[in-house]
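The two complexes that follow have chain A in common; it is paired with chain B in the first and with chain C in the second.
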Partner chain A sequence: MEKVVEIKGLKKVFGKTQALKDVSFDVTKGEIIGFIGPNGAGKSTTLRILLGLIKADDGQASIFGKDVWNDAVEIHKRVAYVPGDVNLWPNLTGGEVIDLFLSMRGQKVDKERKEELIKRFEFDPTKKCRGYSKGNRQKVALIAAFAADADVYIFDEPTAGLDPLQERVFQKQAREVKARGASIILSSHILSEVEQLCDTVAIISQGKIVESGSLNELRHLTRTQIIFKTKEDVPSLADQDFAHNVAHEKGETIFQLDSDKMAEFLRFVEPYHVTKLESAPPKLEDLFMRHYETTKGGV
Partner chain B sequence: MASQAFAQTGRLFRFAIKKDWLKIFLWLLGVAFYVFIGVFVFVEVYGDPAEREALSYAMQNPAMEALFGRVIGQNNYTIGAMYSHMMTILGFVLFAIMSILLVVRNTRSEEEDGILELIQAQPTGRIAHTTSAILLLLVTNGLVLIITAALIIALGDTSMTVEGAFLTGTIYASAGLFFGAVTLVTAQLSSNARGAMMLAFSVLGISYIIRIIGDGGVPFLSWFSPLGLLYNTEPFVNNYWYPVFISLALSLLLTAFALYLKHKRDMGAGLIADRDGKRHASAFLKTPVGFVLDLIRTPLIVWTVSMAMLGITYGSVIGDVDSLLGGNEIVSQIIANQEGISMAEQFMAMILGVLGIFSSVPAVQFLLRIREEEKKNRLEKLIAGTRSRYHILGTFFLISAVIAIFMQIITSFAFGGAAVVMDFDVDFLKVMLAGLAYVPAIFVMIGLATLLVGWLPRLTSLIWLYLGFVFVNLYFGELFDFPQWLSALSAFHYVPEIPIEAWSWTVVFGLTAVAVGLSVAGFIGFRRRDID
Partner chain C sequence: MWTVFKLQWQRLFKNPLVVLTFLGLTVLFVNFLGGIQSDQKIITRTYSEELTIEELDEWITKLNEDDTFVFEASDYDSIYERIRMNETSFALELNEESYRFLVGREDMELSPIIQHVDQVFSREKRIAQLEESDLSEAFELQTFIELTTVLSDDESNVSQGFPVAILAGVTFYFSAFSIFYLMINLIEEKKMGTWNRLIFSPLSKTKIYLGQMLHYFLVGLVQIALSFIILSNLIDVDLGTNYVPMLVVILSFIFAIVSIGMFIIGIVSSPQQLQIVIPIVATSMAMIGGAFWPLEIVNNRILLFLAELMPIKHGIQGMMGVVNQGSSVSEVFVPIATLLFMGVFFMGIGLNLMERVSEKSSL
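Right, the complex of A and B next:
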């Protein structure tokens, strides 16, 4: 697959805090990558480096094979960006701002497409920006981004402030641009959104990519929740190194199983006459929580 | 890559005009008004050479020279010379402020708001946003030049030559460009708009003070102040052009430096590091008064220091007035037109009036801070709490009123103290009394601001227009012979000029009553109206 975005060993220090220690991941053509991590993990810093807004202290980052800092202008002709907190000029209308952003790309404003998006997002472009709510300001940036014919879309919590219906419109748009071969980097705290939309996921924690790959791959790395019941008593499950967080409830045992140790567990439990066995695949949330807890000093 | 850095400057510039034209238009209107008033009034009122000569002598004293600059062209004090002398320094300050605000508004403010992030994520050059602001600065100051020159040529008398008119316009524009360029640099140094503005205003303040010291007897120092430097062009008197080139060269250097920094640095970063804050709110911060005081802490400190310094500056020269001008008959006729009152006392009364107006600026500014909070949607958080609206506006109001008194005490104390230290024949207590006499007038100003906050929240800046009028009235009222009814509109007009006039309880109670009336109306309006 053709790599569109390549990031290798990014480092960035702000004063005394090391915001990025080692960030590496790639994005291929037509891929949607979910970029997740707790607050302050370095998501926005990474995205801002990709946009050439801030300069990495070390490491390489390129889009379309061009350096993100030196060739920012060239790159941005094919990149669209929506930040999580959009501020606009109070005395201009939303429609004017959308046109400005599109005109800066050197493209003729595709009126039909713009109107279509305005309709889909149920946006009123004739009001001055000072009157817009957070969600509406967000729509200005989203419409400008989707109306642009970009090859890479960078979204930093783009749906913060949108209602669930608009969120769905966003997802639909994202799938459409993916269908025509564009790549998307989506940073979001709405994990269900990432789960539905993304092909791959990169999890960042404390300035490092701690996990990356397709969702399926990642699931193997994590734990499956098992609920089971046996006729005979099981001797100290907690002593087994594949079992975590063992708990007993109404005669059932609930615990977290290392996903690659399923066979071992089945062999272990087999002699005790199993009457019930449920396994729930890990959700992205579980994956995420695991790393979130790590940052808090757990596990 | 170098050309890429400027990419889309043109488009951003056109857009900047679109969003900023009204503000620039209003400023230019102010510039035109300033020049018009100066030329028109000088030509109309000071047609008589003898009168002008008398005035030139009257102006030749440290206090006046500190304010206006040293007298130029005294041996032939034409209308042109008079205009250059009286209008230049004040004009510089005005145009410098215009340019500082313009640059901050179009650079660091938009960066702080995150607008620049959106722009720079488009295919625009890394410094295009800044170069567009520079273009806007150039065009605005270019228009200042043209408007000034055109008005002077159209309205001036024969002493106001075309060359002088263009030089006047050019130095106005040069002052604007210089301080605009300074602001371009401070916008890179500080990570926020307020810091950038404060730094730029500090440079302006320091330039003014260096010029005062220079004109006060250390002439070479004036050259080190951009204000003094450009003042030395002496339009209509000598028409020296070379200070303009020095100023433009410096502006160019500063601009280049600013662009270099902008190109190099990260978005959102400043070269001056931000300090870490406190983890917890102190008990003081949790009280309403403590909260508001914390909001205005830095400007309050800056204002206190500035006012004290102004007081000291004027206080330390006031005593020289007598020795400098005592022997001059013409001056005595014009200035000391009241028998038995010393020149020093007459000047003192006037200077204290000016300082009183200055004191009302922070008082009003801190009251209007409530509007700032409202516009930023922070007021709703305060009102949604358990405090009533009266309580919240009352807190701002109280602090504003206390600061008015505080500022007057500081300036009068600095003024009187400096005068006493310099061993001048000045009654310290009288100075304090003279300062305090202005407090009720400042209260009226605060009352008016409260009224605006309560009833016309979108037009609160009208108070500055009124303040400008009060200043013009006090400063130029007698010079320009303002009609009585017009002067009567100024709250400061009623304040007795101690030590020339006596303390008046009638005025104190009268003005305070007006202030209370306005404030009460304002409070009622604030309680009834919607919060933005």
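Right, the complex of A and C next:
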């Protein structure tokens, strides 16, 4: 697959904080990558480096094979960006700002598409930006981004201010863009959003990428919840190293199974006359939470 | 670049108060300062103890024929009171056969007036004598030599040169103010984060800065042009038609000011601080540079040296050369070159400072 974004060994220090220690990941064409991690992990910093807003201390980052700092101007023609907190010129109207954003790209504005997006996001472009709520400011940036014909979209918590309905509009829009062959980097806190939308995820914690890969690959790292019932008592399940958090309830046993140890478990349990066996699909959240917890312990 | 340029204008039109205020202040100020300096003609109050009112009026009409001077009928008591209160420095007393000046305090204007009165008086006496003699029939009154009286020489230099200097000085001062104030926008954009929006666009930094500076440049130019047009129509200053050199001087001045502005916002990076720093810098620059009074009255060497460092001084000098002497571009080369040099110097440092700051702490 053609790689559009390549990041290798990025480092960035702000005064005494080492915001990025080692960040590497790639984005291929037509892929939506979820970029997740706890507060202060370095998501925004990574994205700002990608956008050429700040310079990395070390490492390489390129988009379309071009260096993000030196060839920023070239790259920006094909990249759209929506930050989590959109800042606008207070005395211009939303409509004016959307036009401005689009005209800065030097492309012809697709009026129909713009109007369509304004309608879909239920946005009122006639008011001054000063009076817009956080969500409405975000809509300005989102509409401008989606109305532009970009090849890479960089979203830094773009739905933080949107209501659930508008969030759905965003997801729909993102899928359309992906279908066109564009790539999206989506930094987010909202796991369900990432799970629904993304093909791959990169999890960052304390300035380092701790896990990355396709959602399916990562699910292997997670644990499946198993509920089962047997006629005969199962001895010492808790002693098995594939089982975690074993609990008994109304004669049923509930525990977490390492997702890649299913066969082992089945072999183990088979002799005891299984009468009920339920397994809940692994959740990314568990993986995510594990990293959250290590951060908390670390700080 | 044009997008940035357009954006700045868009913002300015929505909020033109600052620039309009400064334009208004320029007009007000120049009128005020210029009004004190020129304009007023000295009125010589005239009275008589012997002549009738009609006779006095007749004399006054004759004295007023030359419109450099103004004579006005009055009476002794009110004149005495005025001189005593130092409201008038002198007055004229006319009698049948003589005239007399009542002087309360020495005045530069006095001697040309005495001369004028003497002239009129002796002429009238001669005519009267002729009319009394038999020759009166054959005699025709003719003016052979047209005498024009102008107020004394050094006096006229000041009063002609001064309004141009003030006009240029005050106009430049307020336009510098406008430019500096608008530049706060740039810092605010950096603080608000909308600056990043510009950086994150397919525009190079050079183009973004150029767009911004072009905007300040044009605002300055429009303000100065408007001020000059309004003012030269309002007060009696003739700026002449020496347009090309004038434009070059003005453009060089604005360039220097925009650069100094960049330098200032390179050092002072919070809008609040700028609100304080800008008036101080602009005003002291104008005062030292001689925008409000002619530098000729300054004796202090240090101040005179400092004045050399002020763009406004060179701007005024250039304008005076262009307007008063009708200089060509090459004749006002020194002030222009000085301004351009200042421009390049401060722009270089300013941009460097600003980029260093933004690279360190870009949000």
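Note that the second predicted complex is superposed on the first by the 297 of 299 C-alpha atoms of A that agree within 3 Å, B and C clash if a C-alpha of one lies under 4 Å from a C-alpha of the other, contacts with A are read in each partner's own complex, and residues count from 1 in each chain.
What we mean here is this: a residue touches a chain if its C-beta (ideal position, glycine included) is under 8 Å from a C-beta of that chain, and two chains touch if they have at least 3 such contacts.
Since this is a predicted model, take the numbers as computed values, not measurements.
For the composite obtained by superposing both complexes on chain A, the positions of chain B and chain C are in clash.
Within the superposed three-chain model, A:155 lies out of touch with both chain B and chain C [touch as defined at top]. In the overlay built on the shared chain, the residue A:70 is in contact with chain B alone; chain C does not reach it. When the two complexes are superposed, the chain touching more residues of chain A, out of chain B and chain C, is B. By the touch criterion defined above, A:170 reaches neither chain B nor chain C.
With both structures placed on the common chain, the touch criterion links A:92 to chain B and to chain C. Once chain A of one complex is fitted onto chain A of the other, the partner contacts of A:51 extend to both chain B and chain C.
Looking at the shared chain after the overlay, A:106 reaches both chain B and chain C.
Listed for chain C are the stretches 2-10, 110-118 or 128-136, of which 2-10 clashes with chain B, judged after superposition on chain A. Shared contact residues of chain A, touching chain B in one structure and chain C in the other: 48, 51-55, 72-74, 76-77, 81, 83, 85, 87-89, 91-92, 96, 100-101, 103-106. Those residues of chain A lying in contact with chain C across their complex are 48, 51-55, 72-74, 76-77, 81, 83, 85, 87-89, 91-92, 96, 100-101, 103-106. Against chain A, the residues of chain C that register as touching in their complex are 3, 7, 10-11, 14-15, 189, 192-194, 196-204, 359, 362. Looking at the complex, you find that chain A touches chain B at residues 15, 48, 51-55, 70-74, 76-77, 79-81, 83, 85-89, 91-92, 96, 100-101, 103-106, 141, 154. Across the interface of their complex, chain A is touched by residues 1, 4, 7-8, 11, 15, 18-19, 22, 113-115, 117-126, 266-269, 273 of chain B.
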